[in-house]
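Structures for review follow.
The same subunit A turns up in both complexes below, where it pairs with subunit B and then with subunit C.
Right after this comes the complex of A and B.
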């Protein structure tokens, strides 16, 4: 009811926003607004309001999906935690937030996220610059390689850094340096993970900024740095802010990396929620922490939305091909080489070390650890051979991708229409799972979805559902700009030429969004593959996914387990990298909203 | 062929089409002319089925089109900015319509080649539409619209984005083409030159209503209202009281033709009827500016500031044009004085019957609105 009413208000505003002239493209669905005062016939009544109906129908499935598999489980956890003895225990909130240990966790979460973000920006902005302004051999391949960490499961990132900087790690062996007990391993892992976010969001805008703007400033008497600071930096600022917020969001809710690298000393909110829920069974504390995280993330997303709107300010953009050129002179070559060197050390070395540790068996280099994965363990860690986790992961991820494509595709289609406040709100809501405690969602599934008619506790579908939840925002972010770019009048042109709505969609829309759909599917697939926080709760012991299997192995003592974890991580990395490289071939324009 | 019965469309508070009646006969080319915001594009969208009507009916070949979706109406629409499908090449665009109508590939290919010849782009089938110039896109859009052989072809500002020289050439080409093919055409434009060159009949729209309809010549010679006159570029308009052979106006007494209605109203003096004389003779004016008005460079429009009344425009040859700042006298040629039936801006004219603009060529094609010959009558105005 409320939805319908706000929709009317939205459309009213849309009608007011119409330019004085109706000669331009008339947005569909606006003219027949239910608020139109002059409705002479009942026939018009029946015909009017089609746009709203279609949009609400499109939104119905995503809305139901999120209500059922996100809102309900999270609410159930909060309810169970804070509603005791028939009344709300609001005193618990103050009690938990006043606990010095919890305050310590909050403080660490906050400052490590801020430090990780600052460090990522400092190291990645030069990379964005080099990618945007220079042309060099192997640029496209390198761009893909840099993106590999972003789609890697957090558990793999954790193990890669453990392999690099942990006990017996590469740094330990060569330099006698161990970082796994220090916060530096965490920060560097976060940089490794998010480097691509900055390079790609800032870099794609940077590559389209017209260099002549800076040249104009130079001609007007500004030095090289002044011109950059006064002209380019302000143009980039909104996209830097947006990238920083995303990095902050990811690191603020970091789980897998900290779980592997943090040891007993370092815990983020997410890790603490996991500890309270899974180990201490202290649901009230977990509920308060979940709420805290939810509020923080919602605030961040609000700032993000604001930054995105700012980014839409008018900039002088040119195709990226015109702005990049070969480095000229030793100075520029040195710059490019240095930046690329740092980039390679940061992103490629951890991956290489991971592979090296996986191959470095008890009897010298070989596939011993990989072979061991196929054997059923005698311990209680695994009921099945670890290698089966690969099949499980692929199957789950495939189903999750299908769900995410349907839900995200429908949501994107609904959001394509003229954006009112309701639509923008819906948009932000769909982003929320990205930043919500995956642990809470996973545990919420167990708590909430255990009664008929929704008794899914023992169903395999639970895992893909949780994974799809994180995949959907990626699908929406990828599809939306492309869908919005399809001119309504192309569809109209097809209709006038005799194409039915379905055929118009198939022949006009689909060819234009096919690529975006593939890219979205790839992201959803890799994100599902790497999902850890929720899956760790709901994956059945006899059907673990790859990240769950890796974490379980890392949790056990022994060189063999460690090596097998590295081997499994390597396999997972190869699958993710393979998917990503396939995507790079699909996407040639390099644009991307996330 | 096409008939609109009291079609009304409103966007919220604003009425884009207000009980519009219109008829287009088979093989005719009708141009809807009006400033932006007058509802002319909405008119096309209504006929195509892309815009729902709030009341009234659209009939094509006598059949009510209410509830018929765009793809089943069998009309063609050429969009203002072409809207070529970017992912298809030229042949893919032109062949889209024939294929949706179930034509076989071989036959469709033949049709595409035929149409590309027709629009002067032979052999361009494999080219990417994004690589075409504006004029070429224009031609492809036209070929695409013609390809399914629509019973009615509609053009939205067909030449709007092209430069002047190309536009003038294309207008002539289009007119010849439509003649040859016998296509029924409904076009909208804001350029009266384009409309008059292209159309058998023109319909001038003002704020969702039809202000005047007729042949180009009729509309040009006898604008039905001050709005139409001003839209056609005539600005010498003033309230007048006609008594016998003279009209009392702000510019003094003007001689008027015999058939002009008596009493209060508005009159238009076409620039050609403003004759420049010695300063002592007639209405005394100061020359404010001189401008060329396109086309014939030897004709100059002289903007005059009379001692009394609103500014006046006079047309004269370059040789006779006075200097800026010069003092001249003005007398009026009664043959160039036209009575306007417009209620706006002339309160004392409210009860004067509007002049009938229906000439011999008016015929039954454009259904007269209630009360008068297609013009907005004082009674019908708000």
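Right after this comes the complex of A and C.
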């Protein structure tokens, strides 16, 4: 037992140093974490001996969940569209895809996604560098803060962004620059949202690349840039590609940002699907567009998986704390200051604008709007006081997190066992909800889950279920690399020493994945908190979630409503930031414990 | 070591409990018994707690409210669920969307108590009573009083005025494809200039610098100079909003002003009427009928204005002081028959987009 225990400790230390270890919220779409180093293949091979039976059993729950709450509803609504009037409307496909207006939408969707991705990489890669290579005061806080936008609902962000970059905003006042009428507003908002994706995926690998390699190249006579280009860039390239694909996926399916900032001129595929379904009830057109988007997203995921497999190469990795150091000399301080300055302007200032508006009450600055949230029992907008939305949100998010952990955890456990093509396909399948329009899922729920025993249309469980759909991919992404890093020999050793399989799991696997589990839970929780698209269709008025409450308040005239919407947004932001900060602690505490 | 195991056990138990709870409560929640009546509606529905409690006490029914997004999305969900509805009564389909659910057979007939007190011109289905009018709201151009006083300029009164050079670059409206007031404003121009004339009007309006915002929130909160949340920083003194927006601006003010800071151009209005109906296939028909009666009751009708910022349809319902003092009554708003809207809507929006936006 003691022997096994020591082994565990050692392996834990090793696991932590893998780039795959839970680096805070790892955005989904990074199947193996930033970069998977070559694994001991003997262990990997033996892992396959676990048996198909076990794997199938593990996959049953996530597969059933996915089929019932995603596949079936989406298929039902698409079928309804394409089978309208009792016969197949195959002619509609060519008709819709040949419509110049739709082609325009497709073109804009692709174009803005590509431009947003390029811009995000250009602005966020320096940030990843600074986070990876330098230590500076407030680093942990800043890392949590730049992640907040990623989980904030888009209605809130759009509003904050308008306040900043729109007419009369700070940029207008200081530089006479207005972005609300141009496509730049959309692109910059996308940067704001996805900055953290790049910083976290690329930055976490970068922080573990051994700087001595580059130094060795310099000693051997390479210039600074050449050394970077020949040594660091090739090592980083895979994770940059991974980050780029995720950002592309998110911006390709962008909805809220375009709704708020795109005005009447710009529409993405997702916006058009919403319009065709929710406004026009043109289900055939919506069905064709939904399928188009699904095909596009599936293709993206396939490219992603292919890119990941190609880039697996052994890297020389060291613990992050050895690579980061205090900036030395004015040159480095300037670099750090400039990069952090850009980061502040891009991600923190819009958040501050939100706080400022929440505090800017009718009688000058104060907490008037916050107090009003709790004060109204006989509210105009709600059957309940708005402040109760916080409790609802937390409760829903907790249930959603539990579901996501069970489903995602089992899926990750199933995927750990050496994967064939089928299993990898399953992995990609669980990502699809991220690329599917919320209105399709929401309306699909209504059409598909309308017969007992599954008449869930008016059940509260629908809200956490919809949120869990979005949370599951994040859980898998976080758990998978860690589970894969558990050496099967430890389990065997425990068995040899007399431990039952359950005990072996508890003593060997669980301590190793505990931290990953916490991080996964935290991220699923924050994502659930911020989910808006699907929740808005199914949230009940006596139990609105925070984002739904904010959207309802924004839709009403009068200063009181606007200020309270900002106050609620601020609370949401604080809750998200709090959770993310706690995750940062988990991450660093973990290094010190044991 | 021990500590670990305990913590691990605690965490596992918590997760499992939650999961079990989640699955267990899922099915047990649909209480379709005869003591509950379910209202399906959109995001903007609101009612005073005390008024609703009062109905529950007197009728013996418990009211459940389900919301399905904005008005358009909620109506379309009801259409998709026709025959097997989510609830018993639907509230919130307006005259711009009415034809679709009526044609698809979403509603069952019921003549609500109190209908005699409602003006006949508001009754969209006078023979069968499949829908009952509940409230009306006018979409009008609002103006910033102070801006026009400072400039010593008379605010516009009519649609024609808006195209005049002295009001150049002053108006912001909303996207008719995505915003309900935006569509209403387009329909106002159709009613005023006819099916063949409104296009020219919009060409003139565009040439006169009318801007189109993506949503009402954006137009009103960010661009309009008269809204208080914009802190007077907006650059447009004219905005397409509601006739009830001026009272909303005053609501909650500690020292109420003599006059609302914004006014309404009465010759630019389009009337939206919201209807409710008994859903065909409702599980609790009797309760649904009682609920419809309640929606037309004086108590609910007088509660409406301050909750949803609309006007009651009952002639004998008294308006709150906020409305009588700061609001304006629009006597002759434009309107277009629901059938005509249903027929042309898509084409009008397409044409409008090419004229006003592209």
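Methods note: the second predicted complex is superposed on the first by the 500 of 594 C-alpha atoms of A that agree within 3 Å, B and C clash if a C-alpha of one lies under 4 Å from a C-alpha of the other, contacts with A are read in each partner's own complex, and residues count from 1 in each chain.
In the analysis below, contacts are C-beta pairs under 8 Å (C-beta built on N, C-alpha and C of every residue); 3 or more make two chains touch, one makes a residue touch a chain.
Here the structure is a predicted model, which means the values were calculated and not measured.
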| item | value |
| --- | --- |
| Most subunit A residues touched (candidates subunit B, subunit C) | C |
| First (subunit B), second (subunit C), both or neither touched by A:87 | neither |
| Contacts of A:495 with subunit B and subunit C, given as first, second, both or neither | first |
| A:459 touches, of subunit B and subunit C: first, second, both or neither? | second |
| Which superposed partner A:264 touches (first subunit B, second subunit C, both, neither) | second |
| First, second, both or neither for A:487, with subunit B first and subunit C second | first |
| Partner chain in contact with A:508 - subunit B first, subunit C second, else both or neither | first |
| Overlap of the subunit B and subunit C footprints on subunit A, listed as residue numbers | 511 |
| Touch list for subunit C against partner subunit A, complex | 1, 4-5, 8, 11, 15, 18-19, 21-22, 25-27, 29-30, 38, 41, 43-50, 52, 64-70, 72-73, 76-77, 79-81, 84, 86-87, 100, 175, 177-178, 212-218, 220-223, 227-231, 233-235, 241-242, 244-245, 248-249, 251-254, 306-309, 346, 353, 356-358 |
| Touching residues on subunit A, where the partner in the complex is subunit B | 12, 15-16, 18, 20-24, 26, 30-33, 35-41, 43-44, 47-48, 487, 489-490, 492-501, 503-504, 507-508, 511-512 |
| For the subunit B and subunit A complex, residues of the former touching the latter | 8-16, 36-37, 39-42, 45, 48-55, 66-67, 69-77, 79, 81, 83, 85-87, 96-97, 100-101, 144-145, 147-148 |
| Residue ranges of subunit A touching subunit C (in the complex, touch as defined) | 5, 80, 159, 162-163, 166-168, 180, 259-265, 275, 277-281, 360, 362-363, 377-383, 398-399, 401-403, 405-406, 439, 442-443, 446-447, 450-451, 453, 455-461, 464, 506, 510-511, 514, 517, 536-542, 548, 551-552, 554-563 |
